[in-house]
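Look at the two complexes coming up: subunit A is in both, with subunit B in one and subunit C in the other.
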Partner chain A sequence: MKALNESRATKVRRQVLRHFVLGFASILMIYPLLWMVMSSFKPDELIFSDPTALPTSFDLTSYFQGWFTFRESFTTFYMNSFIIAFFAVVGNLMACSMTAYAFARLEFRGRKIWFVLMLGTLMLPYHVTLVPQYVLFLKLGWVNTFLPLIVPKFLAVDAFFIFLMVQFFRGIPREIDEAAIMDGCGPWRIYWKIMLPLSTPVMATAAIFSFIWTYDDFLGPLIYLNDMSQYTVPLALRAFVDSSGGESLYGELFAMSTLSLVPVFIVFLAFQRLIIRGVALGALKR
Partner chain B sequence: MAELELQNVIKEFGGLRVIHGIDLKVEDGEFVVFVGPSGCGKSTLLRMIAGLEEISGGDVLIDGAVVNEMPAAKRELAMVFQSYALYPHMSVRKNLAFGLETMKVPKAEIEQKVQEAADILQINELLERKPGQLSGGQRQRVAIGRAIVREPQIFLFDEPLSNLDAELRMQMRVEINRLHRRLGATMIFVTHDQVEAMTLADKIVVLRKGLIEQVGTPLELYNTPANVFVAGFLGSPRMNFLPGTITSVSGTTATIELEGGHSLTTEIPNPPAQGEVVTLGIRPESLVPVPEAEAVLSGEVQIAEQLGGETYVYVALPHGGTVTVEIKGQARVEAGDRLFLGFEGGKFHIFGADEKVIRHA
Partner chain C sequence: MTSVSTNPGGRSAPSTEGRFARIWRRNGAGYLFLLPWLVGFLGLTLGPTLASLYLSFTDYDLLTSPRWSGLKNYEYAAFYDRRLGKAIEVTFTYVLWSVPLKLTVALLLAMVLDRSVRGVAFYRATFYLPSLLGASVAIAVLWRQLFGADGLINQLLFFVTGIQGPAWITHPDYALSTLIVLAIWQFGSPMIIFLAGLRQVPQDLYEAASMDGASGWRQFWKITLPLLAPVIFFNLVLQTIEAFKAFTQAYIVSGGLGGPVDSTMFYSLYLYLEAFANFRMGYASALAWILLVIIAIFTAIAFGTSKYWVYYEDEQR
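Presenting the complex of A and B:
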């Protein structure tokens, strides 16, 4: 009996310790975010003088001022970000799913080699191709337009999404394709009428990541977009900080940064439902 | 409706030959069953007819025209798959209509054909459901419906009943039979289940290792199997095989000594030479209990299965091996009993050393 009590006490102690450690780690990780949100409601001078204090009042000045700080308002920056992200998502979904369908289902010469080569590009860091890409787009006269950020997405350059979709397509029973062949479908119709509708989970996953990565992208827009009227949100946020040693507008920066998280949350929540529905659909399939 | 002909059809997968030159003729309106153990090539053969598998050699003809290079959809065939292969994201109605929509059939006509098929298969109340909401039997019906709406020349069934439970399988078997009578269409049905083959077929094609072993009506194959394989494959319980040796031959009369010492004398049209090894095949229902003096075989009962209508008795022979005996009614036999057995009315087959039949029952 005593041994039993002891072991129960140890168990409780271990539980408490575990919760303490996990709680501490969580606070550690979420603290920068909390700090940013809290600071967005404080006047500039209080941000660094008392970094841990909760805001005494919800002062929205930074939000209004931040929105209109620059020559162009954040309306423009959000529009730019959304335009680029929208086309990137559409381009990625279309091009990657078509490529993935080809790899998963069609017979063509050198399919395996092309697939391995495609996967090989996953290991190529973005920065390696940056300079040649820049030169290419410069020669095309595309620098200072959205084209370098959008057009490549329509050419299935994202091997990760292709790989993801190939794996998903391979999981769809081949007999369904064959039934469609007997029903008179060619590859295009099978892709469009059978494969795509059955692939909502993987499409939603690709859409979420595609959106977040494009929306969050800093390096791409930094390199290709020079004119403030074409800035995306991350570029505009960077403009709040004066790197030449002058005054930086931290209150406005934090306010706009907080606001910039909202679209990501919305997209995630909206598409997450699709993922769950897709998974449920998959479960019904034998 | 149409005739189908296979002329020396060959299939190779990367140099490995799996179908070794098959010749077969399927008449208009016939129900043909391809049967054989797994890996015998029956599904491959069906898929070649369907156009889902390329033909490595020989010709497939539909109504006299070679269709080797014709795409599957143009062959006017419909196929029912083992896994049903319904489109999971479409309602039953849409599943049925999809093929017709692809063929650009007018909407009103599609609607009418879907309705007809639904009536035939009694799936009217399921039309708005998704395949995921259907039971196995209902899915099977929808899969058959999808074939019916296209009014194909030939129906192809690839083990359509193997995913169903025993009772449903029997029920669907009857329905497919009824459907065949009603539509009068040519049907080719692949199965590994000899009961399905026996009950459904006008003509059974027994396949093994990519070759046809025998073609014939169910009873022809049952009564006059061409070789040990066919004899053993069709019929349940399985035919008993007893090894023996020819001890004497005079004209067409031969005496065979079975393992265990019993001998029997019988007519064989072209008897093998003295000393040759033969196999005697006898169906369980032709083995009958007899008085000890008339016995050809004797042994100890291992298990007696009482099925009510009949009794299956498994008898261990003294020299190894077991024979199955089917006794009509409820026989009073128990494990451990000694049973003396004779051949009813000379109903046994004899197979030569090459396993080909040399005497029919």
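Presenting the complex of A and C:
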């Protein structure tokens, strides 16, 4: 009886300790973000004077001024970002799912070799193709348009998503498409009417990650978009860093940075479980 | 319509369809579905890969056509390019500090978080959020301010200890460590992978070990760590490759120049500058291939040594 009590006490103590560690870690993780959000509502002269104080009032000046800092307003930058992200998501979903369907279900000569090559591209660092791709797009006259950022997605260059979808398609019972073949369905109808509707979880995961990765992408737009009217949000934020040698733009910088995180944050809140499962899945299905 | 030739081999059936039609029937659908990827693979991956190998043996500035220069680029990289030496040193320092620290923090918190804690979902989300946001320019911009001369870090430091901290971002001795801290801050995604791995460890092993009087420390070394080895291996390889490829954070934090005094000159940043600021496309291609080899060597070492420390459950010991 005594031993039982003791173990219960240690259990409680352990729980308290755990929550202490976890709570402390959470604050450490979130505080930088909070600081940024709070600073975005403060006048510049208060940002660097007091680390803890909440803003005395919700001053939206920085947001208004930040939005119109440059020759082009952030309306343009957000439009550009969302246009590119939209087409990237559509392209990735279409092209990667078609490829994955071919690898998972269709018979054709050379399938194994292509599949191995596809897996090989997973390991290839982007640096290797960077220069020749740039030369190619330059020759095509695509530099300073969105095309270099969109067209590759319609050609399924993100092998990671193909891999994810192949794994998922293989888990769908073959009896289902065999029955459909009996009913006279061709591969196109099986893909469109059976595989895709049954694959919403993996399609959603792919859509979420391709949105976030495209929206956050910096190197691609940095290389291909030169004109400010073409800038995406990350490029515009970079322009702040370049020009904030004068100490006057901190509030605007914080405001626009905070705002730029909102889309990803909303996606995270809405699809938290899918995202976390997607991350865990990456590991367990090697 | 082609019911005649569906019998296997098709030899006895009179060939009502030509050779070409038969090949098409057997492979056509597959290749139609594969077509977008195939075009992308040949035109945007394989072609450029071969092109970059070729370019790495040339001088190429985009304006005039590439001029063959043999091994000159590689010789320059190996023996003369001081900045490349610095870039490799910086990148290795970054990889060798950030990856082990990140994985240690991830594993520790995954273990604290495992199962019995109330509010797991909340903590998990909180710890993961930085991983999701961390790749963005906004966070890099924030980091510049956090570790600036009057940033939050120095404010807190002064508040707690009364010491006036240095301007971390612009000090050659500290700039890289702020980037390492930024990497560790994003421990959430390996943590989630660890959590998923921990779920697969059978609980009765711990119960049996407790019965035998094994301490928590011993249980960690004898049960948790060996059973988690495949997941640790996966995280290690993945995070190492990612760390080698890091670009955005160094670019933003250093204002695009890899400074101060090249102390944040990541390999990717150096390659970018050579290609798109100095227009030495041939040399940049050589740098890309050198990086490919470095990553391949690291991966090979990981896989080569893995048989000594990674056991898979379905494997005979």
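To be clear about the criterion, the second predicted complex is superposed on the first by the 253 of 286 C-alpha atoms of A that agree within 3 Å, B and C clash if a C-alpha of one lies under 4 Å from a C-alpha of the other, contacts with A are read in each partner's own complex, and residues count from 1 in each chain.
Going forward, a residue touches a chain if its C-beta (ideal position, glycine included) is under 8 Å from a C-beta of that chain, and two chains touch if they have at least 3 such contacts.
Here the structure is a predicted model, which is why all the values come from computation and not from measurement.
Student: Mind telling me which of the two, subunit B or subunit C, contacts the most residues of subunit A?
Tutor: C
Student: Taking the superposition on A as described, I'd like to know which of subunit B and subunit C A:A9 touches: first, second, both or neither.
Tutor: neither
Student: Just checking: does A:I181 make contact with subunit B only, subunit C only, both, or neither of them? Give me first, second, both or neither.
Tutor: A:I181 sits against subunit B, while subunit C stays out of touch.
Student: In the superposed arrangement, which partner chain does A:I212 touch: subunit B (first), subunit C (second), both, or neither?
Tutor: second
Student: Looking at A:L237 after the superposition, I want to know if it touches subunit B, subunit C, both of them or none. Which is it: first, second, both, neither?
Tutor: So A:L237 only meets subunit C here.
Student: Once the shared chain is lined up, is A:P197 touching subunit B (first), subunit C (second), both, or neither of them?
Tutor: first
Student: First (subunit B), second (subunit C), both or neither: which does A:A270 touch?
Tutor: In the superposition, A:A270 contacts neither subunit B nor subunit C.
Student: With both complexes superposed on chain A, which partner does A:R189 reach: first (subunit B), second (subunit C), both or neither?
Tutor: Only subunit B; A:R189 stays clear of subunit C.
Student: If we overlay the two complexes on their shared chain A, which of subunit B and subunit C does A:P173 touch? Say first, second, both or neither.
Tutor: first
Student: So subunit A touches subunit B in one structure and subunit C in the other; where do those two contact lists coincide?
Tutor: Residues 284, 286, which sit in both footprints.
Student: Which stretch or stretches of subunit A touch subunit B in the complex?
Tutor: So the residues of subunit A touching subunit B come out as 173, 175-176, 178-185, 189, 193-194, 197-198, 281, 284-286.
Student: Mind pulling up the subunit C residues that touch subunit A in the complex?
Tutor: Per the stated touch rule, the residues are 26-27, 29-31, 33-34, 36-41, 43-49, 51-52, 55, 62, 109, 112-113, 116-119, 123-130, 132-133, 135-139, 141-146, 150-152, 155-156, 159, 185, 189, 192-193, 195-197, 200, 231, 234-235, 241, 244-245, 247-248, 251-252, 255-256, 268, 271-272, 275-276, 281, 284-285, 287-289, 291-292, 295, 299.
Student: Which residues, counting only subunit B, touch subunit A once they are in their complex?
Tutor: 50-52, 72-73, 77-79, 81-83, 85-89, 98-99, 102-103, 130-133, 146, 150
Student: How about subunit A: which of its residues touch subunit C in the complex?
Tutor: So the residues of subunit A touching subunit C come out as 15, 18-19, 21-22, 25-26, 29-33, 35-36, 39, 48, 50-51, 94-96, 98-99, 101-103, 106-109, 111, 114, 117-118, 121, 123-136, 138, 152, 154-157, 162, 186-188, 191, 212-213, 216, 218-219, 222-223, 233-234, 237-238, 240-242, 250, 253-254, 257-258, 260-261, 264-265, 268, 272, 275-276, 279-280, 282-284, 286.
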